[in-house]
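Below are structures written as C-alpha cells.
Heads up, the next two complexes both have chain A, just with different partners, chain B and then chain C.
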Partner chain A sequence: MTDLAHSATRRRASFGGWLIADRQRVQTVVTLFVLVLMVVVFGLINGRFFTVTNFQNLARNTAPLIISACAMTAVMVARGLDLSVGSVLAASSVVAASLAVKGVPLPLAFLGGLVFGGLIGFANGWIIVRMRVSPIIVTLGSLNIARGIAYLITPSAILVGLPPRWSDIGTSNLGPFPVPILIALAVVAVYAWISRRTKFGKHIYAVGGNEEAARLSGISVDRTLIILYVLSGVMAALAGIVLSTRVGSGDPNIGIGFELAVIAAVIIGGTSLSGGEGRILGTVIGAVIIGTLSNGLNLAGVEPFWQYVAQGMVLIAAVVLDRRVNEQVMRLGARS
Partner chain B sequence: MTPAAEPLAATPLLRVAGLSKQYPGVRALNEVDFDLVPGEVHCLIGENGAGKSTLVKIIAGAQKPDRGTIEVRGQKTEIQSPRHAKDLGLAFIFQELSVVNGLTVAENVVLGSEPGSAGRFDKAAAVATTRQALAGIGFDSLDPNARVGTLSTAEKQAVMIAKALCANADVIVMDEPTSPLEEQEVQKLFAVIATLKAQGKGIIYVSHKMREIETIGDRVTVFKDGARVATLPRSAISPRELIRLMVGRDLGDIFPAKARTPGRAILEVRGLSGARIHDVDLTVRAGEIVGVAGLVGAGRTELLRSIFGADPVAQGEIRVDGERLHANAVRAAIRAGLGLVPEERRAQGIVPVLSVFDNVLLPWNEFPASRRFKGTPDAVASRAIDSMSVKTPSLAQRISALSGGNQQKVVVGKWLTMNTRLLLLDEPTRGVDVGAKREIYRIIDDLAKDGLAILLVSSELSEVIGLSDRIVVLNGGRVVGELPGNASEAAVVELSMIHGLGASTGSEA
Partner chain C sequence: MTRKSNINQWLAAAALLVVASPALAADGPVAIAAQSFSTDLCQPADPNAVKEIPKGVSGFTGYESAAGDWLTEPSSSPLKGKRVALTVMGLGQPFFLAIKGHWERLAEKYGFELKVYDGRFDAGTVQKLVDDVISDAPDAVAFAPLDSNASVPQVKRMLDAGLKVITYNVQPSEVVAPRVFANDYDGPRLVGCNTARYYKAKFGDKPAHIGVVDLPQLPQVQDRKNGFLYGFLSLIPTAKVEQTVDGGGVIDKANPAAADMLQAHPEINVIFGINNDSSLGTVAALKAAGSYSPDWGVVSSVDGSEPVMAELGSDASPLKAESGYPPYDFSVAAFNLLGATVEGKTTKDTQVIVGYPPINPTAEGIDAWVKRQYPR
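Showing the complex of A and B:
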C-alpha cells in the first residue's frame, strides 16, 4: 500500500507529468473540454437546452449509441472493426418484434433478438479469424446480409400488432432517469470493469497492441477476437431493442448509418485505429458529444441534413485537435 | 565474466537429436543434435539461413520438425504450440521484442498467466511478482506501473527477461539480444546473464557478434546450410576459427585495407542545428570515409537525415562541393549529389512489392537527365546491379524475395544511377550475415576509391573503426571529438560516453 501511496504522490507532483504519463489522459481531457464547450454554446443558444426534459431526451436518444460504442471500443482496441452493428441493430429488433407479434412472451422475444445479434457476431468473428479475411470486408458483407434479413422478416413494412408493454423499456423512467440510459450505464460499467480489472481485458489490449506477443504469451488470440465480435453483435442487438422499444415498432429501416456514428464516437473518444489503445470513458464522452450535437442542433432548429455535416466536421476536428494538443503537451513534457 | 564450471554432469535442460526440417526446395535443418545444460550459455552461430532460426522456431513450438526428438529435462516431448513451450519452461527473447506497449511493465510480465481468481486481474499481486523478478536481475529501478511504450529497448528486454523468470522458465533463448543495445547496456545484459547462469538457468544465445561469443559463451555450436558443423568448448573459441567454420572458408580480415587518398572537400557542414543535433561542424572529402560514432540517441541518424533534408534543420549551413545546399529539401539534396541509405531497410530503403528494377531506378525516374547517370533505363539499372554484385535471378524479381544483404546492395545501388558525390550510410550492414557484410565493406571501399565521399553511421564500433579514415564522435547531438581511423574501440567508447550528457536527457526536472 505504501508503494501505491508513494507513486500517487509522485504522480500528483505535477499535473503536466500526470497528464503526459498516459497519452489517453490528454485525449480524455481534450474531448471533455469539447463537450463542455458544446453544452455551454447550446445552452446559450436555446433556453430549453438546460431542462430536465431535454436532458432526459438526450439521455434516451444517446443510450443505443453508448451501448454499441462500448462494444466497438473493445473490438477496435483489439485491432478489429465491426461495420455490421447498424444492420444487426435493425435485424435483431425486427426479430424480437416479430417474435413478440407471434405471441412469444416479451422477455423471451428480447432474448431472441440478443441471441440473433450474438450469432451474427459469432459468424463475423469466426470468419475473420479462421478464414483470415479482413474485418472490414467480413463485416461489410454482414452489414448487407443483416439488413437483408431485416427486410425479409418484415417485407418493406413496419411491424404492427405489438403487445402494449413493448414500449416499457424504451419509454419508462426509474425516478428521473430514463431506463435506456440506465441500461447504457450498466453496459459502460461492465465494459470499464472488463477492460481495467480482468485478465480478459488485459488480453484485449495485448491482442491489439502486439498480436505476436499475445500469442507467444499463450493467449488465445482467436478466442479473444471471436468473443469480442459476439459481444459486439449482442450489444448492437441490445441497442436495437432499446431503440425500437422507444419508437414503439419493429422497423427494418432503423439504424442506417448507425455504425458510422458508433465508430465516430469511439474515435473521438481516443481509441487508436491501429489498436492497443483506447478507453471506455473516452468512448462515452465521444458518444455524448455526438448525441449532444444532434440534440442541440435540433433545438436550435437546424435542418437535419446539416447535422450530418456538423457530425462529420466534429469528428475530424476532434481528431485534429487531439493530435495538436498531444504534440504540444509531449513537447512541453520533453522540455521541462 | 565468471567462467562457468565445465557443464557436463547434470541432466541437460534441453536435448535435441536428429532434428530435420524440410521446406519446399530447402533443407532447413538436417540431422541436428544439440543440448543445453543448467548454468551454461550455449551460443548458436551461422550465416542467415544456416538453420539457427529454424531450430529456435521448432523449440518455440512455432514449427514442427519432420524428424528427430526433443527432450526437456530428460523427458521426451513434442512441442505443440508456443503455449506448450511456455508450459515446458522455455522462454524466448526475440529481436522483435514481444512486448505490448500499451500495457504496464507488470501487465506485460504476467501476460498470459495473470494472477487473480475467476478472471479477475489481481494488480497488486502482479506488481509484487514483477518487482521481485526485476530485483532479481538488477532492474529494481524499473517501475512496474510504467507503460512499456515509454521504456528504452534495454528496459523492454529486462521486462522480457523478468517475464521469463515469472513463467519459471529454465531455458531462455535470446536471439541477437544486443543488436539494439548500447555498449554499457550490453554490459548490464551480460551481468543479468551471469545472474541467470548462477541460478542454474540455461541460455541459448544466438548472435553474429564474435566478441560477445568470446565473452559470454560456454559452448558454441556452428551451423552451416542447415547442419551442425561443430560444437566448441569455451577454450576453443576464436573468431577466426568460427568464421572459417561458418563460411566454410577462411575469410581473412573482413575489412579491406585502408588505401585511399582523400581529395577535395565534398561536404562541408557548419553550425548545423536541428531537433536532436546542435552546432555540428563536419567535413567529408572525396574518396574519404568518415565514421560517425556515438550512443543510440546521440543524434547520429538525425545528423544524416538533416544533411539529406529529411529532418528539419533550424540553423547552419551545408555546402556540397562549395555550393550552398538548400536545407529541409530532399529533392535539392539529391540534385546536389547526395544519397541516403537509411537505417530501416524494410521500412525506408526498399519498396517491397516492386521489382529490383523498379527499386534501383526509384530516384533515376524522378530527376532530369542532367542529374542522373546517362543511358537507357535497362543499361543504367544493369550497371548499378552489376557494380554492386547483387545476386538476383533477374531484374524483374520482386525485391522482397532477395536476402537482406542483396536488398541492401540494391538500396546502395540506386544512388549509383545518379550523379552521386556523397553517400550517407546509416547502419549499412544491419541484419546482414557475415559473408554479405564483408562484401558490403568491399563495395563501400571501392566506392570511396572511385572518389565518392562517404559518411557512415554504425552502432557496431568495429565497423566504424574498420572502415573509416576519420571518426567523428557525437554525444547529445554535439560533436565531442574526432579520432583517426586507427583509434582503439576503447578511445571511441570513452569519448562517446564520458562527456557530460547535456540538456537532452534532463527530462526529469
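Showing the complex of A and C:
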C-alpha cells in the first residue's frame, strides 16, 4: 500500500474514531443529514424555499419550538417529562398580554409572564420531587390548570388593546435575522454551555443516568430536578411571549398540542426517553426538522390532509433512519 | 374580577381601538370599503367561472326562511322557573363565550335556572356531557353539536330520555329536533361579493390571486370557503385560486400557514380566512413579511369578533370585508325556539335560520354590530 493510501486510511479511521467515540455525536450527524436531505428535496420542489425571506419565515416560526425544546431536553435527560409546556406557553403569554393591556410597561409585563411560567414550573418540580408523583401525572394536571388559568385571565378568547410595540419582538429583525431566532440561539448557547461546561450540567446527566448513584455521590437530586422544571416553565413562558408577539395577541388558545411538537423535536434530536443521554444541538436540529417539514410541505403545495400523512411518515422515517445508521456505525466501531 | 366586568373592559378596549385609530381619510381604504359595501348577494358575471365550485355540503344550507320573530325578546317566557341546560362547543372561542353571556342575561331576565356545559371542542367531552345532561334531567336543553354525524345519536338519546331538546349552530346530519343555524354558504358568499367589490374599487383591473387559510376538516367551513369563492369569482371571474392551506382555525397555526403561503405565492393579493383567528394570523404574517398595507391587497373573513373590528375600521389594515357570525341572534333564536319546544309548539322539522350579517366597515357599522351582538 502506498503512503498516500495509508494516509487516506488513517484519515478515514480517525474520522470514524471521532464519530464512533461518542454515540450522541453519531446521532447528531445522522439527524443533520436527514435535515439536509429534506432541505435539498424541498428546495428542488420549489425554488422559493431557498430564498432569504423564507429562511427568515422558517426561523421566526421555529424559534418558540427551539426555546422550549432546549429546556425539555434537559428535563428528559434527567429522566423527567413536562407535558404542561403548551399550556404554560399560553397562560404566560396571556399574563404578559393582560399586564400590557393594563398599562404595565412591556419589559415588566414580559417579566410577569416569565415569573408565572417559573412558578408553574416550580410547582411541577416541587410536587414531583417532594410528593414522589410521576412527572407525567403532575404535568398533565398542570397542563389543565395552566390552560384554565389562561381562560380565566382573558375576558374572552383574544385580548385586545395591546400597545403598538407589543409585536416588536415577534416581527422585527436585527439585520437579516428575525429577533425570535436570535433569542432562540441565545437560549441554545446557554443550555449548551450549561450541559457541557458546568457542574450543574454534569449533575443533570448523572441524575438521568442513575438517580440513586447520583444521590450517593452527593448530588442534590431534588434541587437539580426542581431547577430543571422551573427552567422548563420559564422557557415555555419565553416561547409564549415570542409566539404571542409574533401573532400580535394574547390568546389562551395558542400552543394546543405544542408539547407534542416539543417532545418530538427532543426525541428526533436523539435524547433518550429513559434519560441520561441527549444533546442540545441534536434537539435544535430536531426542532428545525419539524419546522422545515411544515414549511416545505406548504411551499410544495401539498394538500392539507396529505400533509398529516407526510409529516407522520417523515418523522417516523427520520427516527428509524437515525437508529439504523447509529447501529451500523456502532457495529463498525465495535469491529475496529 | 368577574368575567362580566372583564368583558366590559374588553369591549371598552375594542371600542377605544376603533375610536382611537388615526383619523380616517375621506378617500382611504375604509371609505372605499364603505362605498363598495352592499348587503346584496352578487350574481355570477360568467357562470363558467363558478361552475366548478362545490355547493353547500354541511347539509342544511340554502333555506330561504328568515329568523323573523324568533329574534325578538318576548315579554315573558315559557322557560320561567325551568331548569335549562346549555351546551357550547368550547368556551375558548369568543362566539361561545358571548353565547354563554347572552344566555346568562336571559336566565336572569326571564327567571330560569341555567347550567352551562363546555364541550371543549372535543368529541369525547361532548359525549360525556350528553351523559351528564341526561343524568341531570333538566326541563330543556339547547345543544350545540360538535360533529354532524355523531350528534344524531346524541340528540336521539336525550330525546329518548324524555328531554326537550333543540340544536343550534352546527346541525345533526339528520332531522331529529328543532334547530337554529346559519346559512354557511350564502353568508360567506356575501363576504366574497363585498371583497370583490372593494378589490375592484381599489385596484381596478389588477389581476386577483387568491389564497385561503382553511380548516379542511369541517364541512361547515368548506361551505364558508366555497361560498366566499363563489361570491368573489362572481364579480371577478378571472381571479385565480393559488393555494389553500390548513390554518387549524387557531391563530398560532394560521399564522405560519399564511406565512408559508405568502412565501410560496408572493403574487397572492386576496386572502380569505375561514374564521377570525385565520384572518388575524394572516394579518400577523403580513406584518412579519413587511407587507401589512392596504396597498398589498385585501384580507377578509367571517365571525366578526372584537379584534377584527379594529382591523376592519383602520385605514392602515388590508382587512376590509367581514361578515358576522351573530352570537346574540343565535342566543335569542335558540331561547325562543326552546321555549316554544317546551310548550309543545314545535316539531322536529321546525327550523330558524339566522343571518351572517355583513359588517359595514364604518365606525357606525362596527358600533352597531358590537352593540347588538356583544352588549355591555
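Just so it is clear, the second predicted complex is superposed on the first by the 312 of 336 C-alpha atoms of A that agree within 3 Å, B and C clash if a C-alpha of one lies under 4 Å from a C-alpha of the other, contacts with A are read in each partner's own complex, and residues count from 1 in each chain.
As a convention for this text, a contact is a pair of C-beta atoms (placed from the backbone, for glycine too) under 8 Å apart; a residue touches a chain by one contact, two chains touch by 3 or more.
What you see is a predicted model; the values in this text were computed from it and never measured.
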Partner with the higher number of touched chain A residues, chain C or chain B: C
Partner chain(s) touched by A:Asn326 [first = chain B, second = chain C, both, neither]: neither
Chain B versus chain C as contact partner of A:Gly218, first or second or both or neither: first
A:Val247 touches, of chain B and chain C: first, second, both or neither? second
Touching partner for A:Asn46 - first (chain B), second (chain C), both, neither: second
Touched partner set for A:Gly255, first chain B, second chain C, both or neither: second
Doubly contacted chain A residues - partners chain C and chain B: none
In the complex, chain B residues that touch chain A: 60, 82-83, 86-87, 92, 96, 98-103, 107, 111-114, 116, 119-121, 123, 127, 143, 145, 147, 150, 163, 507, 509
For the chain A and chain B complex, residues of the former touching the latter: 3, 7, 21-22, 197-203, 205-206, 208-210, 212-219, 276-277, 333-334, 336
Residue ranges of chain A touching chain C (in the complex, touch as defined): 46, 48, 51, 53-54, 57, 60-61, 101, 151, 154-161, 167, 170-171, 178, 243, 246-249, 251-256, 294-295, 298-301, 304-305, 307
In the complex, chain C residues that touch chain A: 3, 6-7, 9-10, 13-14, 16-17, 91-94, 97-98, 214, 216, 243-246, 250-252, 255-257, 259-261, 263-264, 266, 277, 280-281, 283-284, 287-289, 305-307, 310
